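Some structures are shown below for you to check.
Two complexes are shown next, each including chain A; its partner changes from chain B in the first to chain C in the second.
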Partner chain A sequence: MRRSPIRGLLMVSPPIVLIAVFVGFPVVAAVLYTFGHIGGTNSVIAAIGQRQHVSHGGLGTAAAYREVLTDQQVLRDLLVTVLVTVITVAVVLLLAGGVALYLRLSGGRIAKFLSGLAVVPMFIPVVIGGYAIRQFYATDGLFRTLAHHLGWSDAPTLSYTMGAITIGEIWVSVPFGVLLLASGFAAVPDGQIEAARDVGASLTRTVFSVILPMSRAPIVIVTTFTAISVMGSFTIPYMTGPSAPNMLGVTMTNYFVSFNQPQQAQVMAVVVFAAAALIGSAYVWANVRSGRTSGVSS
Partner chain B sequence: MKSTVKVLAVAAAAATTVLLAGCGGHSNAGTSGDTGSKEIRVYADGDVNVQSVWEKTIIPGFQQANPGYTVKLTFDLHGQNSTTQLSKLGAAVKTNRDFGFDLIDSGIVTSAASSGLLAKPDAAKLPNLSTVSPDLLTPVNGMAIPYRGTSVALAYNTKFVQTPPKTLDDLLAWIKANPGKFTYNSPNSGGSGGAFVTTVVDKYVPADARAKMATTYDQADEKYWDQGLAALKDLGPSVYQHTYPNGNQAVLDLLAKETIWVCPVWVDQSLTAKAQGTLPSTIALTQISNPSFTGSGAYLGVPKNDTRLVAVHKLINYVLTVPVQTEIVDVMSGFPVIDMTKLPGTEQAKFGGMSNKTFRQGYQSNVSNDLNQQWQAKVP
Partner chain C sequence: MTAVDVTAPLEVASRPPQDRPRRRLRVGQSLGRLALAGWVVLIAAFIVGPIVWLALQAFATSWRYPSWTPDGWTLHWWQFVLSGSDLSSAVGLSLTFSPIVTLVSAVICLPAAYAFARYEFPGRRLLLVSLFATNAFPKIGLYVAMAGLFYWLNLMTTFLGVVIVQLLGTVVLMTWIPSAAFAAVPRSLEEAARDAGARPTRVFFRITLPLATPGIAIAMILSFLAAFDEAQGTFLVGAPTYVTMPTKMYELVNNYPQQAAAVFAILLAVPSAVLMLLVRRHVMGGHLAAGFQLR
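Then we have the complex of A and B:
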């Protein structure tokens, strides 16, 4: 069928208009607010917020950014957020990649069972999972009780530590990784793998020289999506983490709700948004690439 | 493909209509005065106990006593949308449009009162307001109506603690002598921890500055907090796991499991939990002194440009009657705001001598927001 450009434009315009009106406009207003513009749509929030930096004409003031980005607590929270994100992404890629590879190469009953099991957290609400993790690793939780019975009497209490947050984030992120990597690896043709094995490549060599390079797009997608969702997460760090330092999602909510400093909260949001956009560009690149080499790694 | 386009076009048209309708819907509102409507739209938030008081006690009783009047309740569990509602109220008052609610029962009422978004209660039209302790009107500058109260007290497990600390100094000494058996929730996540933090810093705040901080926001007064925050930091190693859980309930869970023995709790929340059996019967409550824990009223606010004042006044008057106040004590263990001696004996006895007149007021909301932030920065 011949494609008319007008028809295509019409088809994408409703979502674009929707995003422009309901997301784009508020984002622009919020960014203006962070630079001290408190008029127009920002006048209501500015009437309520505390400790605001107001611009006196011109392009605005960067005072709010200066305050937030030189605040030791915020910087510590930012560092913690980046650390948890990096560790989570690495572990998710390892775990999900392992399960997906096993499924691709063995395909047996155990592999299917494992990949099914790995998807279970997707069907458990995050709040329930977070509560369970907090109870499981508490001082009197099952983890320490079991460890005690096995002779490890001073097992660490992970609840209310960064450890519990990281475990929680991994729990939430693994299912998506398994789903995407499994389908990515499945798209690598059997012929390619068999050809590599025929000319004498070891299993490791086959994985690193054939399967992984051909699945670059899904791997990049899992990395970016996991990183973005962990960076902006709230429930897991709020429920399982310590009071301080904690991840930026919690800090932002604190500034917005508990400290009544919406401007500072929005500055942090802009920073996280910028970081997510940077990661997101990797996703776009992967998408374009997979479009070009379509058929191999969709 | 053609049919897809058609469906999309119809959907887009429908969306546009909804959008336009949404934009123009309120344009006829905003004339001040009374429209004579007999429907009162209430926005309330909080836990399920607040919801049940409205749905099972106040609303049926009011509608029975005032035939023809109806109350439409919109309940927002845990105040998930309360900040949004506050912004919406601000926008509605600013542009003189209908806010969509005539009465607000929420934590946002105190902020709305200090931001000038509420109508001043008219004593002539609210005769029952005279029975309310005037001290309860101070935190909101008389711009909102208290209708129940609650206070924070010290809960202790009688199985492990026979003589609870009587003063704040005793309590601080007890915490250090019994490491790991006390904690409080982070002040930004719930009022019981907030009251503990406020009470400790108050020990070092001069009385005149303290009185001012209950009603006025002046950052200069915050310098008095440093000593108290240092004392709280000093307490850290003795606190259970050096952890401040999020939320009042998280601390009650630790108390129920006997992991900790002593903690600050909301009186209404813990009495209700005890009645339901989620807290063991060995838990007892007491109030400390020098200073005591803070308490507060729950306030009702009327939007500044509300147009159903006659009906709203009827409802507020009804809430302040003795039978409803008694119900509030029975159903949610809330303090009444009217003179305690007007209530039946059993309800008076429930609080074991804790008075509803000696609530020590918390800070004005902006001040307490700043305290939350300073605690977050300096204590954990």
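Then we have the complex of A and C:
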């Protein structure tokens, strides 16, 4: 690798500047706005927004947070968001992990077919996937039709419930999980697996003591990414969910677009950022810690 | 636990130890096969069922629960959608934004991708990871947070605003994947060309770039798709002036007959599905996953 500090930095600066200006800066400005600072780049949005809490000097005011976080509706939405996120991550890890593991251990035609199937949602725009899921689990959808013909005549209508939201989030998240976990498991050398089998480890034991510990990095990536993308989703809960309670993505869009209360919407955004950061750091911490105690590095 | 569910049938299905009694083996094997078949059918229904159901609706006159078949088949909804002006304007906008975003993204990111792969400079690793900031924030929250700046810069409901919001979703793809491609070009080839007297620019255009082209092409297709399918940010920034195909879906699903919405959905899904099929092998082959192995 050539040492060219100036040329290198110049060449990488366009995307870095783009991200700094349109992601880094707005996040800081949004945090300031939620604490009542309406100057600078926040001045225009503050002139448009309604029901704002303005700070008069000092560090700012937490009044907007107080308003949003004592709102029963918002709290329920927050709970829904957390629940859907946790369930989705768990199911995606099991489902994608199962498919990827099967692919790793069998490698046969069925395994390839199954993993090919599992990445299909990646080929479909999320809007379409969301709509398709809403129709599939609707009162007159194929899910209930199938159930009816199989003798389950009062199968629930999942559309417009948390059930459909969760199903939709799982549906769109599975491909990424399968891709990353499959490539992670593929990186575990055959020799390691065979060695464990040779000394008499059962298949389950091999999976839990060899393959999974050696694939810590992809597992962490899938977990955090799925969690972050679910928390930041709008399309799936908007398409498949009830009007209330729904996930915070829908609520903050409503506050922003329909109620014209951008400050409240940004408070929710900051709350979701904080939750995402918490999940991220919890995972990093857990992994650093277990990596240290078990001596296995990812 | 699923991990166990999957491996249980597998244990008997995949080359069992020879000292196991044959009879037990056969029973176990067929039970395993059955469980596996059930598992495959369930996943297939879960993944493909909704899409098939949506596709069928596009050709149905009406459908009454719990009938297996619709009351009749028709192409009426295709005519309805194709003759309407909603479609053409949304398609036109989508096909304007996506190529522009892809090109701008390539111009901004490809030099950076090369630099990340070939130059050593202070903060290289940190900067490479920091590009990831767009994906580290929950998306809709990020778009809502961006609104203040967009209002201040007068970018709300503007063409440029939509380009920027879609551009942000392509930066990681357009930097990481080509960077891995540039890094994979053997340095010995470049050195050999230089030893033979080729100038650095000539080496780049005759050796490095052609060898990295597949990776760049994949990044461009994925970026095009990311822009083409982007709905949440485009909706917040562009609506109601700039309504692309995916944002149109938000509106259609509540106001259109469901069969017409199904037709629109299929029309929107076709370009994505075709382009994805083109890059399928590379995405599955680990290009995407390779992007996450930061060097």
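The working rule: the second predicted complex is superposed on the first by the 264 of 298 C-alpha atoms of A that agree within 3 Å, B and C clash if a C-alpha of one lies under 4 Å from a C-alpha of the other, contacts with A are read in each partner's own complex, and residues count from 1 in each chain.
In this section, a residue touches a chain if its C-beta (ideal position, glycine included) is under 8 Å from a C-beta of that chain, and two chains touch if they have at least 3 such contacts.
Owing to the predicted nature of the structure, the values given are computational and were not obtained by experimental measurement.
K.L.:
Do chain B and chain C fit side by side on chain A in the superposed arrangement, or is it a clash?
P.N.:
The answer is clash.
K.L.:
According to the stated criteria, A:273 is in contact with first (chain B), second (chain C), both, or neither; which is it?
P.N.:
second
K.L.:
Of the partners chain B and chain C, which touch A:83 in the superposed model: first, second, both, neither?
P.N.:
Neither: A:83 stays clear of chain B and chain C.
K.L.:
Using the superposition described at the top, determine whether chain B or chain C touches more residues of chain A.
P.N.:
Between chain B and chain C, C touches the greater number of residues in chain A.
K.L.:
Counting only touches as set out at the top, which of chain B and chain C does A:101 meet: first, second, both, neither?
P.N.:
After superposing on A, A:101 lies in contact with chain C but is clear of chain B.
K.L.:
Quick one: is A:235 in contact with chain B, with chain C, with both, or with neither? Answer first, second, both or neither.
P.N.:
second
K.L.:
A:14 contacts which: chain B (first), chain C (second), both, neither?
P.N.:
both
K.L.:
Determine, under the contact definition given at the top, whether A:244 touches first (chain B), second (chain C), both, or neither.
P.N.:
Only chain B is touched by A:244; chain C is not.
K.L.:
For A:160, is the partner it touches chain B (first), chain C (second), both, or none of the two (neither)?
P.N.:
In the superposed model, A:160 contacts chain B only, not chain C.
K.L.:
Is A:259 contacted by the first partner chain B, the second partner chain C, both or neither?
P.N.:
Only chain B is touched by A:259; chain C is not.
K.L.:
According to the stated criteria, A:50 is in contact with first (chain B), second (chain C), both, or neither; which is it?
P.N.:
After superposing on A, A:50 lies in contact with chain B but is clear of chain C.
K.L.:
Jot down the residues of chain A that show up as touching in both complexes, chain B in one and chain C in the other.
P.N.:
1, 7, 11, 13-14, 18, 43-45, 48, 139-140, 238-239, 256-257
K.L.:
Using the touch rule from the top, collect the residues of chain A that touch chain B in their complex.
P.N.:
Interface residues on chain A, with respect to chain B: 1, 7, 10-11, 13-14, 18, 21, 43-45, 47-48, 50-51, 72-73, 139-140, 157, 159-160, 238-239, 242-244, 254-261.
K.L.:
Quick check: in the complex, which residue numbers of chain C touch chain A?
P.N.:
1-7, 10-11, 13-14, 36, 40, 43-44, 46-54, 57, 63-68, 108-109, 111-112, 114-116, 118-124, 127, 130-131, 133-142, 144-149, 151-154, 164, 167-168, 171, 174-175, 228-229, 231-232, 235-236, 246, 249-250, 253, 258, 261-262, 265, 268-269, 272-273, 276-277, 283-284, 286, 288-290, 292
K.L.:
Which residues of chain B touch chain A in their complex?
P.N.:
Spelled out, the residues of chain B in touch with chain A are 1, 4-5, 8-9, 11-12, 15, 19, 83, 86-87, 90-91, 94, 111, 115, 186-189, 217, 241, 243-246, 257, 259, 365-366, 369-370, 372-373, 376-377, 379-380.
K.L.:
Any idea which chain A residues touch chain C in the complex?
P.N.:
Residues 1-9, 11-16, 18-19, 22-27, 29-30, 33, 40-45, 48, 94-95, 97-99, 101-102, 105-106, 108, 110, 113-114, 116-129, 131-136, 139-145, 148-149, 171, 174, 179-180, 182-184, 202-204, 207, 218, 221, 225, 228-229, 231-235, 238-239, 248-249, 252-253, 256-257, 262, 265-266, 268-270, 272-273, 276, 280.
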